[in-house]
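The chains carry the letters A, B, C, D and E, assigned in the order they are written, with residues numbered from 1 in each.
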Amino acid sequence: MPRIGVFICHCGENIGATVDAAAVAKAAGELPGVVHAVDYKYMCSDPGQNLIKEAIREKKLTGVVVGACSPRMHEPTFRRACAEAGLNAFLCEMANLREHCSWVHEKLPETTEKAIDLVRVMVEKVKRNRPLFPINVPITKTALVLGGGIAGIQAALDIANAGHPVVLVEREASIGGHMAQLSETFPTLDCSQCILTPRMVEVAQHPNIRLYTYSELESLEGFIGNFKAVIRKKARGIDEATCTGCGACIQKCPTKKIPSEFNAHLGHRTAIYVPFPQAVPNKPVIDRAHCTYYRTGKCKLCERVCPTKALRYDQEDLLVEVAVGAVVVATGYEVKGTDFFPEYGYGRYKDVITGLQFERLASASGPTLGAIRRPSDGQVPETVVFIACAGSRDPAKGLHYCSKICCMYTAKHAMLYKHKVHHGRPYVFYMDIRAGGKMYEEFVRRAIEEDQVSYIRGRVSRIYEKNGKLIVKGVDTLLNSRPVEIAADLVVLATAMVPQPDAEALAQKMKISYDGDRFLNEAHPKLRPVEMNTAGIFVAGACQAPKDIPETVAQASGAASKVIGLFSKDELSREPVVAVVNRTAPPLFSTCVGCFLCETACPYQAIEREEIKDRNGNVLKTVARVNQGVCQGCGTCVALCRSKSIDLQGFTNEQVFAELVAL
Amino acid sequence: MTEQRILSRQNLGPLFERLAADGRRILAPVRHGDRVGFERVTRPDEVALDYVQTRTSAKSAVFPPYEPLLQFALQGKDVQVAEPAPDAAPTVLFGVHPCDAASFATLEAVFTWDTPDLPFESKRANLTIIGLSCTQGDAYCFCTSVGGGPGDPRGSDILLTPIGATHFLAEILTERGQAVARLAGELLEPHRGNGKDAALAQIPPRFDARQLGAKLPALFNHPAAWQEQALRCLGCGACAFVCPTCSCFDITDERDRYHGVRLRCWDSCGLALFTLHASGHNPRTKQSERWRQRVMHKFAYQPERLGVLGCVGCGRCSRACPVDMNLAQHAQQLAETAV
Amino acid sequence: MSTIAAPAAPARRSLYTPYRMRIAKVTDEAPAVKTFRLEFVDPADAAAFDFKAGQFGEYSVYGEGESTFCIASPPTRKGYIECTFRQVGRVTSALADRDEGDIIGFRGPYGNIFPIEQWHGKNLLFIAGGIALPPMRCVIWNCLDLRDRYKDVTIVYGARTVADLVYKHELAEWDARPDVNLYTTVDPGGQTPDWKGRVGFVPTVVEQVGPSAADTIAIVCGPPIMIKLTLPVLTKLGFQPENIFTTLENRMKCGVGKCGRCNVGKLYVCKDGPVFTFAQLRDLPAEY
Amino acid sequence: MEFAVSAFEPKLVAFVCNWCTYAGADLTGTSRIKYAPNVRLIRLPCTGRIDFMLLLQAFGKGADGVIVSGCHPGDCHYTAGNFHARRRWTLFRRLLDFVGVDLRRVHFAWVSAAEGAKWAELVNDVKTKIQALGPYDAFPKRLDGRPQPAEVA
Amino acid sequence: MEALRQRARELLAAGTVQAVLGYAAGSEPDRARPCFVRTAAEADGLIWNEHCRQNLATYLQKPEVRALGRLALVARRSTLRALLQLAAENQLADGRVVALFVADDGAVTELPTLAAIEELVARLPRGLSDADRQELDRIAALPLGERQAYWAGEFARCIKCYACRAACPLCYCARCITEANQPQWIPVSSDPLGNLEWNIARAMHLAGRCVDCGSCSDACPEGIRLDLLNHVLAEEARTQFGAEPGYSVRKDYALASFKPDDKQEYIR
């Protein structure tokens, strides 16, 4: 028979006033298996704890029940006391006699009866408790950062500066992301590239950062502290070590009329190219879809002009495997194209552009070298209409959310236009102006008041071309919904921010969750905003939700500090309240039949497949195994398992069952 | 001691009343749609007398699906143990066919061959069996292959055989039967000639169970005899649970907070876990081995060890089997297999 | 808490009603293996109780069920019985949770016996593996307590690891006795640095020891694989099957030939066994 | 549970998650809001852990009513345990209803860690309703009717 | 029927399969029994009629049947669904069986892959038979007390023989919950609580998985309409969660997934 000790706390008058603590202790003392039962004024006090410790030693207790306050209050206290007396901490349970009994019921016999019931239930539970030990998981102190935009750059630098190796993976040929495309940034109007490029260079030169550009995540396996990532390094067509980045190949490339992605298709690039002059690394890639050699088998002009003979036409994609302990996902966003909007011409009108395209027009390094010229004929637009909320907050378009940055950058665009075209007439159609943020409201006011941007509150219903002008039809809802019609030379749509087109595929590859809009789901919207549900994976930037640069950088630093915190220990120690799949004698090995229906139910992807093999390596059976490094102990799998092959330590079927039988 | 009398169907009502007045409960076949089962009755109009076979057998009267062996209460370190009061209600099992009546001899052999079994014996001692000869059979009946017959008196204390539409021939066979006859008194009229055989169903014998039993040991290691037949066996317990002679059981405890019972529950040798050792080792891992055990037990082991056949040819197992295993057919095949 | 109103005392005691036994002593033998010494609560039970080496019983925890083990103590030691069990299922786990002073149930003794009286004047060779020593311990002590009736006593006992060896104190005791030849062994890899016994599988050790078959009775208990590999060794040494004994451990519920679980062919292990010679087993189907 | 009372006092068993409802019930305590003492809580990490078999066990053990409560949708400590639980309950309720288990005796709720008052209201409300229904005799009980007479079913 | 026998002969003769699992004549004209045809000559014993009801997919998990090698399986709609569901649950490798689907007109379609089964089963009519539907509605419409009494009466006849479990193609657990005794979830004895718990547990464990073959109640020696419990849950899972088990090899278990806006009007 187990040897259980029961300790009933009066909590001063808190319990003692309504519950007859002595009677509870007496009743507990008569329960089968209870060898010691006492009550005391303050069990959590030092003398109280000593009562427990002495009893554990003297009565050789195999389990302890403390009838006191809520376990959410003092469970750690009493468990520690037990551990100090040599009893495994998990052999201590608490009966909640205060919050769930004395404080909520009147002083009646029923209240003491209930207290006795609560104690008995825990006595029966604790009889089935088993010693549990913290789970230690070794940690590979290398971080993988996915995405080389400002979020990834910030996270990588923070982690690297803390002394940990970082593998930074960027899909494009250069890091920099969208921020590199921007002209000026709100609300300070400082030059985006000026603040970004030094950080890009820092990344390239950092001894702790291994940079993989033009690369993508192929697969990710493992769990917190122990991931194995495979990175696909796409064939650039050049040997990066040999190439000096002189640019001779780009100069000579005969295919020059390829729309430039970096310039949002407003300019052109060659088939062998670097995305932009400040690219990091400054090594070109060959766009095989457009390259004459790859299309016809003839050309190789670039090879002829290359002073270092760095071209490698037969280069293949390379798969690189890296072991990492944590992952920061910072894969960023895309903006909806103008073709998303039938009412604005399905993208047919060259002079209806997106905000990102306007950034390139306004940028000193852009296709017009910073002059505001409309794409159709290169004329300076006299009237420009900016339309905010293009797609965002529009259920009809399937995008319910606010893209958050459009109000600010639209004001910025209007302002930049006015600064460059002094006589120009900027109009902004908006729904609400959302300018929460330091100096944000002031910035918008400046646009309206100092730069005389005309703000019209209303939606634009239609845009059509007429006599070389774009007729913008809308209403002004502040003027009794009076119809408004503006003949514009250029229309800029603040199109909605959306996740990258392959965000869903990436999330599935990493087994992390995402919402209906395909943005990644943080573990908790308030308290765990930079963690993913899958332990060891963190998130930064607009892949989680639309956000601006300061917020992105803050989140990136937050994610980095989480990673650094994780890396601060050699082993991760976790509470052993985790699920386990049973193991039995052969020939069954486990009662698990390997249906793996639990696999999808697990919110943490902690269910793995384990092959049971005979001596010759033949697979006899495939059964589930819970990765104890990943499992958080919710027990959803336990309730789901038909054959009762998974159990949750600390809340086992036997324990819960015993509680019910004891009721 | 056999005496022959006549019982008019009209007199069943008064007979039931006298049995009840004597403190006996009556279990008899009752029809619900296409299903007939033994239930407690008080009036003859509740009873189905024209049935071929009930779904489950009458063995529950002495060997219920579950019954308490012990009761106990935990008190601190101590435990109080008590044997449940024996079930002493005198019972009349009315209207069972001769196959079922014969099954009690097998059950008795199992439960009393070595060590007395009080829970069984207390019920058996209080049971009087009023059998009912079969005037109809079906394709599954094979009592005549296992030493019985549609009018076989063995096992019955009184055997009724319908004579015409209005009367029964009542054969009073045992002392317990005499006791009922005394209660019945004038309800049992003098016998006027013998019409028993004409009324009985025709059940042609299909094999000789004694000969089969003698042959089975030699077939034990004859895979063809078992494997093909058992391949379709699903390994459920339906055949054993409807069988009037199957008596394998499990002993299991159930408890509430601090008191409980030790129960005897039906079990079946066809279930895969029946013989599983705690170590994971199982002496009978294959369904064919378990099917073989069932056949061997009924036709070879029990006759040899206990002197009784473990089969009365009621055909319930074959009717109940979800995959139509048909024991009689297989037994016939085995009987015809050259060793 | 309710108590059960005692029914009118039955004329006879049901065979399913266990003796009330008090746990007098608990010994931890090996990981998850314990030995209980059990004393009769009712002195009348103790007085009426008798058994012989090789018999078994049904041990029960009220509310959890019954489990079958041999009686591991010899009938020469009166006043108590002992059982040794490994914690594997519902009943054995509940048993393992019991402590000294607790009451459990026991009914028995059941089954046949080792015919030790027929072995007078012969050499005895005991071969056991792992948790199968308990059924043999009863016979070993029985014979050692009547030492002068037997000639040489040789014991070969092996386990997977040193920790898995049961009755460590008694092994030492036997080892120290001049009238017992004890060979303990552990499977390769199961030894500890200070292990003084042999390293190797039991059949191999038997072969190394090479006991004479002349006038010798062999008693073999262990896992099926050990028995399978030991038999050829004994045969090679000249042992006849009728001089090799073992006990079977088929699953049982009633213990008295009713529940239908334990039969091997037409034999009930609970009634006709558990002790069999290999000459008997040779004629039985391999359902054990 | 044993109550020495004259009026029918229902036995209620509540299965609650650790993070929301258990904490909510703690808040009821710290707020000193009074409610009926008929309820016994079984604390589990998450509603996802609550096996439907446990609810049957509670009734089999003599509960007259059962409460199941956890975090509001979206608030689950484990993100989605309550969503899984909700699907299970939806099916379970349908089955219970079909086999004639009185659904008025099974109450589901979301009670957050902040809803101490709601917890008290819930318990009181369930108690009143079950009290009106009376003891749940229709549900078979553990060790019910044992020993059973050897009547043939 | 002849078409079926012919396909069986060809598959066996060609060595495509080692055995054809089909139906043979039963003890009586109104019964059919599963049979294992190993040679082309034996194929004459195959029959096909309305009594061929057992779901033969049940046999695929049995070691003895696995040992036969590659099988052809005579299949109804529910058999095909069982195959897909077993595959979705990691219990059936693609290509291990060739399904021989027999249509109402006796036409036989050979389905060598799971993809082929998926393709065919998608085209078959869905839903319960009229008789099942009527019985379901009849019971569902009973007042609560009568419904309770009806099922208490039905379950009282349950003898826990577990034929329902043995006949079910998706009850393949190596250790059923009824056999788990630490804790003893379901009483061993066929008492009222145990029978209720067993039947509820069985139905819940098949919720979102059941392929509506009815084998459970066909197998019940007491004729308890267990399948109705499954149908009720299948319907609920379909209407609430869009669950259509047995139509795809994709793992799509309604109880292991969720939508944030799933029904919850009963939760306060």
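Annotations for the structure displayed:
By our rule, a residue touches a chain if its C-beta (ideal position, glycine included) is under 8 Å from a C-beta of that chain, and two chains touch if they have at least 3 such contacts.
These figures come from a predicted structure and were not determined experimentally.
Chains that touch both chain A and chain C: B, E. Using CA-based centroids throughout, the chain positioned farthest away from chain E is C. When each chain is reduced to the average of its Cα atoms, A sits farthest from chain B. Chain A and chain D have CA centres that are 36 Å apart. We define each chain's centre as the mean of its Cα atoms; on that basis chain C and chain E are separated by 47 Å.
Rounded to a whole number, the gap between the C-alpha centres of chain D and chain E is 33 angstrom.
If each chain is reduced to the centroid of its CA atoms, chain B and chain C end up 38 Å from each other. Shared interface positions of chain C, i.e. residues touching 2 or more other chains, are given as 88-89, 101-102.
Multi-chain contact residues of chain D (touching two or more other chains) are listed as 52, 61, 80, 84, 88, 142, 146, 148, 153. Within chain A, residues 1, 585, 588, 601, 640, 653, 657, 661, 663 each touch two or more of the remaining chains. Chain pairs that touch one another: A-B, A-C, A-D, A-E, B-C, B-D, B-E, C-E, D-E.
On the side of chain B, the complex with chain C involves touching residues 69-75, 77-86, 110-111, 113-119, 220-221, 247-255, 258-260, 262, 264, 267, 269, 274-279, 281, 283-284, 289, 293, 296-297, 300-301, 304-305. Of all residues in chain C, only 88, 97-99, 101-102 touch chain A in the complex they form. Chain A makes touch with chain E in their complex at residues 588, 591, 593-601, 622, 640, 642-645, 653-654, 657-658. Per the touch definition, chain A reaches chain D in the complex via residues 70-73, 96, 98-101, 103-106, 108-111, 113-114, 117-118, 121, 513, 521, 523, 533, 577, 601, 603-604, 632-636, 638-640, 648, 651, 653, 656-657, 659-661, 663. The touching residues of chain D, counted against chain A in their complex, run 1-5, 9, 11, 13, 18, 22-23, 25-30, 32-35, 37, 40-46, 48-52, 54, 57-58, 61-63, 77-81, 84-85, 88, 120.
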